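In this document, chain identifiers A, B, C and D correspond to the written order of the chains, with residue numbering beginning at 1 in each.
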Amino acid sequence: MSFEYIKFGKEEKDFIEKIEEISGQNVYSCYQCGKCSAGCAFSSYMDKTVNQLIHLIQVGQKERVLAANTHWVCASCLTCSVRCPREIDVAALMEAVREYQLREEPEKVKISNIPKEVLDKLPNIALVSNFRKKTE
Amino acid sequence: MKIGVYICECGSNIAGTVDVEEIAERAKEFPNVEVSRVYKYMCSDPGQELIKKDIEEKELDRVVVAACSPRMHEPTFRAVLEDKGLNPYVLEIVNIREQVSWVHEDMKEGTEKATSLLKGAVVRSSLMQPLERKKVGVNHKALVIGGGIAGIQAALDLADMGFKTTLVEKTSSIGGKMAQLDKTFPTLDCSQCILSPKMVDVSRHPNIELLALSEVIEVDGYVGNFKAKIKKSPRYVIEEKCTLCDDCVDVCPVITHDEYNQGFAPRKAIYISYPQAIPASYLIDPDACLGIDPLICAKCRDVCGPEAIDFDMQPEIIEEEYGSIIIATGYETYPIENIGEYGYGTIPDVISGLDFERLLSSGGPTGGKILRPSDGTIPKTVVFVHCAGSRDPSKHLPYCSKICCMYSTKHALMYKHLVHDGTAINFYIDIRTAGKDYEEFYQRAAEEDHVVYIRGKVSELFQDGDRILIKGVDTLSGETVELHADLVVLATGMIPSEGTKKMANLLNVSIGINGFIREAHPKLKPVDTAISGVFVAGTVTGPKDIPETVSNASGAASRAAGILAQDELEIEGTVAKVEESLCRGCGLCAEACPYNAIELKAVNRYGHTLQVAFVNEALCKGCGSCAAACLNGAINQLGYTDSQILALISALGEE
Amino acid sequence: MVRYSYFPGCNLKTNAKGFEETAIAVSKKLSAELVEIPNWNCCGTVHTLSTDNMMRRIAPVRVLSRSRKHIDTLDEETPNEVVTLCSMCNSTLKIVNDEVKHDHDKLEKVNYQLEEDDEIYKEDMEVKHFLEILRDKIGFENIAKNVVNPLKGLKISPYYGCMLLHPDKAAIDDVEMPSVLEYLVESLGAEVVDSPFFKLCCGSYQIVDEDRIVDSQVTKIVEAARKRGANALVVACPLCAYNIDHQQKILKEKVPGKLPLPVFYFTQLMALALGVPLKLNHFEDHHINPKPLLKELGLSGGKK
Amino acid sequence: MSKTQIKEKEENETPMVKVYIMGSSHEVPASLTIMKAIEYAGFKIKRGAGCRAGFCGACATVYRKAGDYRIYAALACQTQVEDGMVLTQLPFVPAPKAKYDINKLSPTGNTILQFYPEVARCLSCNACSKVCPQDIHVMDYVQYSLQGQIKKAAEESFDCVQCGLCTIRCPAEIPQYHVATLVRRLHGKYEMKSPDTLEARVEEIEAGFYEEGFNELMKLSKDELRHKYFHERDFIDQKKA
């Protein structure tokens, strides 16, 4: 059923404002060329491509943005930011969505659930960078 | 001394926040005011009649009009004064609309301000001196710089109007970028077929002097009297004698890249860029030739039947005078070597739009067959990447070049015509078809020729084996797309050509942030420049398609003809004037003048030769910078002398 | 002998010991000795991209100020630069260094925290990756001169990963077509194999909870290199090394057949070529044992 | 003498200071420590007191000085009260202590990460060092343990009294002092070289070298033992010497 009632009230505006505040980027300068999604090495794992997520942010659809896994699949490799023709730091927008969600429920990765043998073999650089991005 | 004061209500524009009757009454007490009237619309005919009648009956010496900005109706009221035999420069306009009524709401304050402005104006008006408009002779020759379609059109128009025109072209033949095209959108006429007739007209037109292989190196003087120096490089082939028999090419030992074919085909040191070239003659490329001075090989001369080859040709400097100049130096395509994600131009099968044009054209390196530059096979899948380096403020061109969507669609369509079982895929962001029949052309490409349009910008191109891997996206279906293509054409945008930068410096015409020349007014004066007498035509001021360029060129030609058609030009009276006795030749005014209209001249004063400032009134725009810069008031701008302005200021100060 | 203030990074003492020890040995041979900062702390990778999270900027700035103090203890010609080996540290420290230099109220906020520990950062230093020192200060010709046994037979596919080149401010070379690893490998006598996925992200920290992502990236990277004839990869980041190295072992078990490609740190290659004692490489930490390949090419006799 | 009289008698002799305990104000002698002041004010410290000599860490507390915004931390039994101090009592710090068998571990960075993965969340903000009553560079030893430098971490954390103040202050919720315990145990068990004399003695015992000596002692009566203990011990001679 492809029917979507989009309202553009205060909640949506606050969401956009918060994302822009955290990321320091102007969401509206994106003209949806899709180059970030094209260059992203992980698009195949994302249920919404990067530019679709940015579009949802532009329209303020907080629930649908937070429901997507795009910003969690993102590995902050910054290929998108380096190549964005509109000079948007796309990776910062992904980080902003992560921060927004983490500041509500602080553990995307439940540290205590990580099996012991995984912890035993992983280099600490993996844990440090993962916890920096997926826990608050 | 009798001054007439006329206050305009301008409907409610002024009367809305200024008590016009009140200030008319007050004006009566101002010094030397003979009559002070109010009228609803001073600029209307009855309004003008009112002033004319007063000048006559009351023998007024000065007229002060309190109304809208002088930029609106100064000429109108000057004509009124002239009509009644009064010198037009004794008119003083006070702006009580933009500077008073439009910016104030309070009636009382508005009226106070209008009164004090009016008082100042009346005081100044009494000090005003009659001035004459100077006349300057006009040279009835036009100079067109740049031999592309814009230059050709402008030169033909001017020549048809009967004016002698010199068309200067840097390369060996006119025709510019259009000559390199195969077909033109949206009608798919062959570019050469519609261009060469005009080129032949240029060569046969009695009023056009064509200077190929030439560059304008110096221009001075002013509107109507430009002196230009043109350097004509030697062709080493006598144009009249050369019969284009092509015998010399076979014997010439040197092989080099053919710029006309974008480096895809070879040419010899002696060559003609393309068969329909005008001037229709071969030339020797001095850099490629083994040696002209000292002579090394000379095989071409030995075999040349009509003995058209002359190694002793020297570069010559041609000096001529022109009434007006048209800059039509065209554009370059944005180099694909700048775009890192698409391989910096190092991937052989990733080529630019112009390269693909050469592949398409029958006179091109592949005789019109689409072959891959790497291995010469016919590409089964061709990808056209729109906006390659355009709409990209982060690293490349921030603007859209208008024509790339159309020429990419044309390329895709032509490719499908030539390779029926091939697939043409266009990666685009927005298809922009703003011209006449452009949208229909785009529909035709999609409907009839099944060109596949995928909305999404390509992120990266790799050489993967002998094919090219494209990492793109389809934002409409929301998936990233990876596909292999045999050939990739990058639709790059337009950037200002080298010639444009040089000519802009030479004629000190201002340039916009993207390097294109800035028109006098983007909407209302599209073909003029800030320097009067210098006009611009074609892509020199920004990306344009061919129809726009041609109409732009005709516009420039008519504007240029506007000057050439007159016997003499009137120069505004309010120019700068030097009081020689006060001038000590420091040159501050010369530096301050934005139009370098002032130069220091040696003058013999009581046996000593001194440097004194001299104003070239034709160049002077009356901006007043020199008067402001001069330390001891030696230079003054007529109509706005220091004394007048100081009087006005003190009047404003009084209660 | 110019001594550099060297910032190891959290992995160089544990499973990337080989990376550090070979680097220090090689740096001594090339008279650009790396001297470790005494009390260094973790650089806080992957640097936060949010503008309002000041807490995350304390760690990198503290590293910079501690390094600055350490530089003062070194000799005169030590440049005002901290040299790092790991590409993640390179990217994080460079971003923050540039950020605080341009945004002084951010610096003030961070310095306020560091004031009590007497570790204020005075923005008077640069961050360099060891590859930049090798290219700009030492030069590949000198390296080639010091080569004792050229790495004949090794076909290396350089893998830059993303943090050496991203973001623009932290790039050590051209973002789209870098060449520093290619020149280094050639100066060591090995053969370079170009692969299109030289900077395709290896999945980075997704190895912790989404390792299926890393598997597909590693397959792409390794297959592209193998298809073009490479018999090894060279990297500059402990996480890329772990991801490619370890996941190849897992993939080998799942899909037996294709021989995995060993992963070398660029300093290990230099150690082999410059005749540094073999044990410093700590090949035992590698999941894909490179010794058979080296023995086969006669390069494992590197004992001096 | 009723309690109040005792107070008057001391007032004129010893200088008093006003302190606030759990919000209510009390007059206490200036010479007292925080712990004594709290007890002097009539509170009975059930939990939060131990050795009363500054090394068990049970009495860690936080307090504020008059007119100072900072929250200071200290061991209650070691810190003297000042006028206008605001005191409180800290409950037991519920920091998680991992369960492990020290004999089955290896002294590597990963072992620490296995039991305390949150160490990887350390932000190097140094809040822990600022609150440590023992002035240990807590952040440094957390960083050393993250880096796998067990020896440096063990040495740096040696004086830790396990008071738990650092854990309360840590934004990354790391139980620093438990990590320190693990690190010291790893270092002690696997890295430190046990003294060879100790090993030699253990071998001798296991070889039964002291068997008869023990048996003889076991046969002696209590008095004989006391006599031997007090009079025949060589250290007495040393005292005379």
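To be clear about the criterion, contacts are C-beta pairs under 8 Å (C-beta built on N, C-alpha and C of every residue); 3 or more make two chains touch, one makes a residue touch a chain.
Small disclaimer: the values here were computed from a predicted structure and weren't measured.
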From chain C, the most remote chain by mean C-alpha position: B
Chain pair, most C-beta pairs within the contact cut-off: A-C
Chain nearest the overall C-alpha centroid of the shown protein atoms: A
For chain A paired with chain C, centre-to-centre distance based on mean C-alpha positions, whole Å: 27
Chain B-chain C separation of Cα centroids, rounded to whole Å: 53
Separation of mean Cα positions, chain D and chain C [Å, integer]: 42
CA centroid of chain A to CA centroid of chain D, Å: 45
Where chain A touches two or more other chains at once, by residue number: 44, 79, 114, 121-122, 124, 127-128, 130, 132
Touching two or more other chains - residue numbers and ranges from chain C: 10, 14-15, 42, 44, 56, 175
For chain B, residues contacting two or more additional chains: 341
All chain pairs that touch each other: A-B, A-C, A-D, B-C, C-D
Chain D contact footprint on chain C (complex, rising order): 8, 10, 13-15, 39-42, 44, 55-56, 58-59, 62-63, 113, 116-117
Chain D to chain A touching residues, read off their complex: 109-111, 113-114, 117-118, 120-121, 146-148
Touching residues on chain B, where the partner in the complex is chain C: 340-341, 343-344, 346, 462-464, 469
Residue numbers on chain A that touch chain D, as the complex places them: 111, 114, 116, 119-122, 124, 127-128, 130-132, 135
Partner chain B, residues of chain A touching it in the complex: 31-40, 43-44, 48-49, 51-52, 79, 83-87
